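Beneath this line is the structure, given in structure tokens, with notes to follow.
The chains carry the letters A, B, C, D and E, assigned in the order they are written, with residues numbered from 1 in each.
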Amino acid sequence: ADQTILNTSYDIARELFATYNPTFEKHWLEKTGKTIEIKQSHAGSSKQANAIMNGLSADVVTFNQVTDVQVLHDKGKMIPADWKNEFPNASSPYYSTIAFLVRKGNPKNIKSWGDLAGNDVALVFPNPKTSGNGRYTFLAAYGYAQNTFGKDNEAKVDDFLGTFLKNVSVFDTGGRGATTTFVERGIGDVLITFESEVNNIRNQYGADKYEVVVPKTSILAEFPVAVVEKNAKKNGTEEVSHEYLSYLYSEESQRLLAGFNYRVHNDVVKKEFADKFPEVNLLTVENIAGGWPQATKELFANGGKLDQLQRR
Amino acid sequence: MSSSKHSSNQLRVGDSPLVKWLLIGLTLFLTAILLVVPLIAIFQQAFMEGAAHYFNSLIEADTLHAIGLTLVVAALTVPINLVFGVMLAWAVTRFEFPGRKLLMTLMDIPFAVSPVVAGLLYLLLYGNNGWIGSWLYDQDIQLMFAWPGIVMVTVFVTCPFVARELIPLMQQQGREDEEAAVILGASGWQLFRRVTLPNIKWALIYGVILTNARAVGEFGAVSVVSGNIRGETNTLPLLVQAQYEDYQAAAAFASASLLAMIALLTLLLKAFIEWRQERSLKIEAEKERQVTQ
Amino acid sequence: MATHLSATETRPRHKRVLPGLSLSLGTSLLFISLILLLPMSGLVMQSVDMGWDRYWQVISDERVVASYKVTLWAALLASIFNGFFGLLLAWVLVRYDFPGRRILDALVDLPFALPTAVAGITLATLYAQNGWYGEILESLGLKVAYTPWGIVLAMAFTSIPFVVRTVQPVLEELSPEEEEAGMTLGASDWSVFRRVIFPALWPALMTGIALSFTRSLGEFGAVIFIAGNMPYVSEITSLMIFVSLQEFDFPAASAIASVVLMASLILLFAINIWQARYLRRLHGRS
Amino acid sequence: MSILIENISKHFGQFQALSPLSLDINEGEMIGLLGPSGSGKTTLLRIIAGLEGADTGRIQFGDRDVTNLHVRDRRVGFVFQNYALFRHMTVADNVAFGLEVLPRKERPSPTEIKTRVMHLLEMVQLAHLANRFPSQLSGGQKQRIALARALATQPEVLLLDEPFGALDAKVRKELRRWLRGLHDELGFTSVFVTHDQEEALELSDRVVVMSNGHIEQIDQPGALYASPNSRFVFDFLGNANVFEGKMENGNWQNQQASIALPNGAEQKDGQLYIRSHEFFVSREPTAQASLPLRVIAINPIGAEVRLELTPIDWQSNDVWEIDLPHKAFDKNCFDKGQTLYVTPKAGYFFAHDAQKPVLLSWEK
Amino acid sequence: MSILIENISKHFGQFQALSPLSLDINEGEMIGLLGPSGSGKTTLLRIIAGLEGADTGRIQFGDRDVTNLHVRDRRVGFVFQNYALFRHMTVADNVAFGLEVLPRKERPSPTEIKTRVMHLLEMVQLAHLANRFPSQLSGGQKQRIALARALATQPEVLLLDEPFGALDAKVRKELRRWLRGLHDELGFTSVFVTHDQEEALELSDRVVVMSNGHIEQIDQPGALYASPNSRFVFDFLGNANVFEGKMENGNWQNQQASIALPNGAEQKDGQLYIRSHEFFVSREPTAQASLPLRVIAINPIGAEVRLELTPIDWQSNDVWEIDLPHKAFDKNCFDKGQTLYVTPKAGYFFAHDAQKPVLLSWEK
């Protein structure tokens, strides 16, 4: 290949990019007449960000958490401050939300977030401390409570969240662990995770055993991308890296992404998949907690809301 | 007139058949529960989707590359630790010097450090922000997130094994053989190759095998410094993790079973070597018996 | 002047008999500095940089302290269990000949070779309520997976070779005479074991248990899959370190790691000293 | 307690360590097992103790058959060659061990045990070392503690494996005497192993000479010395010179050398064993013998001078050794390289077809 | 090659293992280092070899100063107490080792090495064992191989640490003689360590008696025996009975016992050392002495009978031992428990204020 770039991504995106890369390679060849080889690295996105700051020579990042991209600017000075404006939709070519997976027939009759704080419901979702997945889940529940009880009714909100957390059976460190716990170990009544995952799991483990529940209100989970300018500059791959991410917004790519159960922005594709992605009222992190920095500080940091709620 | 029919073995504590078989039974039971069944479970999961799937997943390009990388890392780690282990053992068993005991305690550090932390330490030092790493960056030398880094942390994690095997043995053997050789005029290298090495051969092999087993299986430290680049810096244990995360449980366990087999293979090799050793001892004893008769 | 001269004359410089001190010691020191001490210095520097107050705040955080307790207890139980099981294994391997002894001997090292995550996943599979063991235990009303007992189990699994491999050689070297002396004096097998054999194995057993304990303190991969990781109940210290890493808070991670490391080193050092004393009593000076 | 050993045999694998052998030991006797390395002494002792099972035969203590009794229940005292003291126990704890493991009913009270231990330690004159550990003792002290430990349970049979093997000549002699005293005082029956003939002769009431797993001779020390009944015993007790003689003209002849037959000697070919101090030495042959020898070494040893000699014009497998009192030596004033003639005063004759020797004397 | 040892001293930590000591060894001499355990014999030997560095002093081989020479370059032969044969090499390889590690220029060709090795093995009479491993040899055979190995490089100095320590009495004697022969034949200078006085006396040209890190006496065996110059040497060479006497009325008196002063004796208090065979025995006191003793043991040992005696109405730290020829014993026919009187023929007197003894004789 004429050039090589490294796409550093979150852990469960291997198949997605394994499918996307050849289409891009073809696209790049057609457009420039050059060949490109794309290498992939997959692990937890925080760990990936950390690795990049310590010298992993990634040209682009495709993460599942805004904070992990942001940190590349804040701590690593490797991407510009306005990275969100680099690509459309706040540099998030696709998005998802948090949904529920329940066992066949929905025995506990779970419909919305409110049902999760019930008396006899066992929940499985990953630890918000170690997993972005878990953070979204917590934020979604938080947003739901704010909407239901009013932002000012802190006592009620905390009470709801406390019960919600108490219902957790197992805190795995990542989404995959939670899935295993729910599916293979048979623990819990509800698995809470990304909508894209929920659908994947159902396909993987049999549609006849599980049902997907998408609550009316949930959270917008962005999947941000960025070119790691510092590395790309050094490697001389700025152009191709940019194109690699831009091309994610093309109709063809968006269709591909939708096929992997991610929600997309392209209107044509949106219509095609309308029955797959029910309407949801998507709250944003800004709505709920005033943005990621504030959420991290007030909710997830040591001694934050999460810790207070979990204290015995 | 009563005539005795004892076994010709010496009497030793716990030799009564009842106790003996009770203890063996208990051990086998516990071992089966704690070690054998998990081993079987790994294979069971690996073959979950059939033998064809099992073998196909093993010959995937990523898997083959991971196997190769793992073997390369082990092949580099083992000699490094071999040299270090022998040097350290020689220094602390053949000489008296201040700080000797401290040196022996320092050697145990890798046992006391969690592998993930070990990886992190290397990252902090040799990563781009570390004080050695930033210099390396300027020189355009990439250690972390490439195979050298993997080798380095693997060396760290496995470095006590060889020395730990050698030191007690060399202490017990004393230095008389070596003194005899020096008196006969042997130089340092001749001394080591012709007198010391044959004496510590078996312990050395044992240490190498343990080092190898651990080097092949190390996950925590390697995962921190590897960068997880598919087909490039994924070792077998990392691949297991990645495949598992990727909903390819069967493939993951197939790779894991491969690791278990590499481990068992080396361990069986050890058993074989020990058996050879025992046999040669037995033959020698037998010859000796014939001589004295 | 003259006396000075003769003094130097009569103080011969002795060349070391065995060669290679500078080479072997030099290599060892270089290696230990580069491979062990240099990286360790990072840990110290990170901790020093953050200042004492923050350091203290991090390591005395309520949740972290809870994790110390869980980890310590689990590691303690695991290493005690390994003390028994390892001693039993070593005894059976050394003292008895039976079909399959060699295979058993080979199996002992298995936990060293399996990636810890695989060990964790496999154990979780077996002990989950729908696993082979889980079902049996469930019917007995016991729960292991996703409880602190799961932590103990995973720790025990990964550190069993330490005890076996330290006790085994000592047991092999044990001369039969003391045992026989005990028997001629009328002691039962149990008395002989308890009062004659065990004291001889004790130092090695303690070392094995200590190594197993320190390894358990640091274990992460195998534990998190089976621990449940419930705050205050089944969160281990390694997880706390992991969390700090996720938050890009390296100083905090280093601080917590330094506590574990310090505990381990102090324990190992204490064991070393105690053992040296004990052995000196047994073997006399030198 | 008397010990009866009947037809005991033992093999290890293919190797016959003891051929069936029998031995009667009287109550209060002290028996020395003497023999070269590998002759089965230790094996026999361990079988008596019950540490090793015999293949055939039986063993009786007094009139109790103990053949199938476990060591534990035979109640013998056993002193190991390298002491086998419990290294992690103090001297006092070592000695107390046998008492402390007694079944609860028989076990003396702790204070009683303490008294008994102190008494034993005083008996071995080491009461001041009660709190030391074995590694802090000298060889001789260890030996005595091992004895005290074995005696704590008041066994009626005491078995000792090369008890003085590892000690200095001086310490050895001291302990030997002390053991004999103890034996006489306490009246137990003792069996000890040694390969030092002086020790066996000095210490035992009767000596059992063993070779290749069987008993060569059992006798009191004096009798053993006076009438060894086989070539092996002769060789092993040592210091005998062997003359291989052919009957010729009423003399034993070996090439140029000859010895006249004394009265009562058989007219047969055979070997004449003559001890190193049973000789006259002269510069010329005598009427009784013509044994020319060359002096190759002269060693003054204590009260005597030992000459080493090689035969001149006749054959001998070994160098000859002759011990002379200083006086006799001074009178003759031999030098290295000189030739001299020796004449036996007394000797033992093994005819070629006989197993037992005949004692011959040339003196009136 | 002669060896000159000058002011050599050595300490381990606080402990002074050798006080400064000097020793001259002539070319071709065989020196025995004799002394009790811990007296520094091995240390001295190792310093001569260069295996241990001395704190002070110097060592010269011939006229070459070797004090600062590495072991490797001293070219001595050294035989270790426990042989230190290379376990993983055959007997032949062991012997060849010293030749095979020679620098390439000096190294003989492989066939030459083979011939030399076979020659050495023939010399130690073990050519048939060339392909055995050390573990397949008996102690005596190992010893000889160790010697052959040490001699392979034709050293001019041979050092041996308790070469016969671990062997049977019989084998020991054989080897001892063989070593002496070899020494005389090849003409090297030998130093050997032993704590067996008989061995030292029999084998050495001169004996060096050591105690506590210093040299007590250096002498030829005969002279050493005839005139030991200190109490220590006396005690160590053994078999002496000590009479502690106070001058009273021209006699040495100890409670009821007394010994008359012979001619030439000093009129001082002191100790009289009398060897066990330097006695008359009688049923009544004699004019020269009145030493009543009770017989506690009678041991016939070889050519003699050894009586053990305790003093009656006087003091002695040790049991007395007296050796009698069978004839003298038979004449008197003593029994255990009887009282008898002994009269010294000759003895050594140490006045209380003197270091050196005076030889006294009561015979004319």
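The definition used in the following text is that a contact is a pair of C-beta atoms (placed from the backbone, for glycine too) under 8 Å apart; a residue touches a chain by one contact, two chains touch by 3 or more.
This one's a predicted model, so the numbers in the text were calculated from it and none came from an experiment.
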Q: Using the touch definition from the top, list the chains contacting both chain A and chain E.
A: B, C
Q. How many links in the shortest chain of touching chains run from chain B to chain E?
A. 1
Q | Centroid distance [mean C-alpha coordinates] between chain B and chain A, Å | A | 40
(Q) Need the CA-centroid distance for the pair chain B / chain C, whole Å please. (A) 16
Q.
Can you work out the whole-Å distance between the CA centroids of chain C and chain E?
A. 53
Q: Starting from the mean Cα coordinates of chain A and chain D, work out the distance between those two points in Å.
A: 91
**Q.** Contacts with two or more other chains, residues of chain D listed in rising order
**A.** 51, 70-71
Q | Per-residue overlap in chain C, given as positions that touch at least 2 other chains | A | 17, 121, 125, 180, 182-183, 242, 245
**Q.** Of all residues in chain A, the ones touching two or more other chains
**A.** 47, 50
Q: Provide the residue numbers of chain C that touch chain A in the complex, in ascending order.
A: 58, 61-63, 121, 124-125, 128-131, 145-146, 224-225, 228-232, 239, 242-243, 245-248, 252
Q | Touching residues (chain side chain A, partner chain C) in the complex | A | 44, 46-47, 49-50, 71, 75, 127, 129-130, 168-173, 177, 180-181, 184-187, 296, 300-303, 307, 310-312
Q. Which chain B residues qualify as touching chain C in the complex?
A. 10-16, 19-20, 23-24, 26-28, 30-31, 33-39, 41-42, 45, 83-84, 86-88, 90-92, 94-95, 97, 101, 103-118, 120-122, 124-125, 130, 132, 152, 155-156, 159, 168, 175, 178-179, 182, 187-188, 191-192, 210, 213-214, 216-220, 236-237, 240-241, 244, 253, 256, 259-260, 262-264, 266-268, 270-271, 274-275
Q: Give every residue of chain C touching chain D within the complex, in rising order.
A: 175, 177-178, 180-188, 191, 195-196, 199-200, 202, 278, 281-284
(Q) For the complex, give me every residue of chain D touching chain C. (A) 49, 51, 70-78, 80, 82, 84-89, 97-98, 101-102, 133, 135-136, 149-150, 152-153
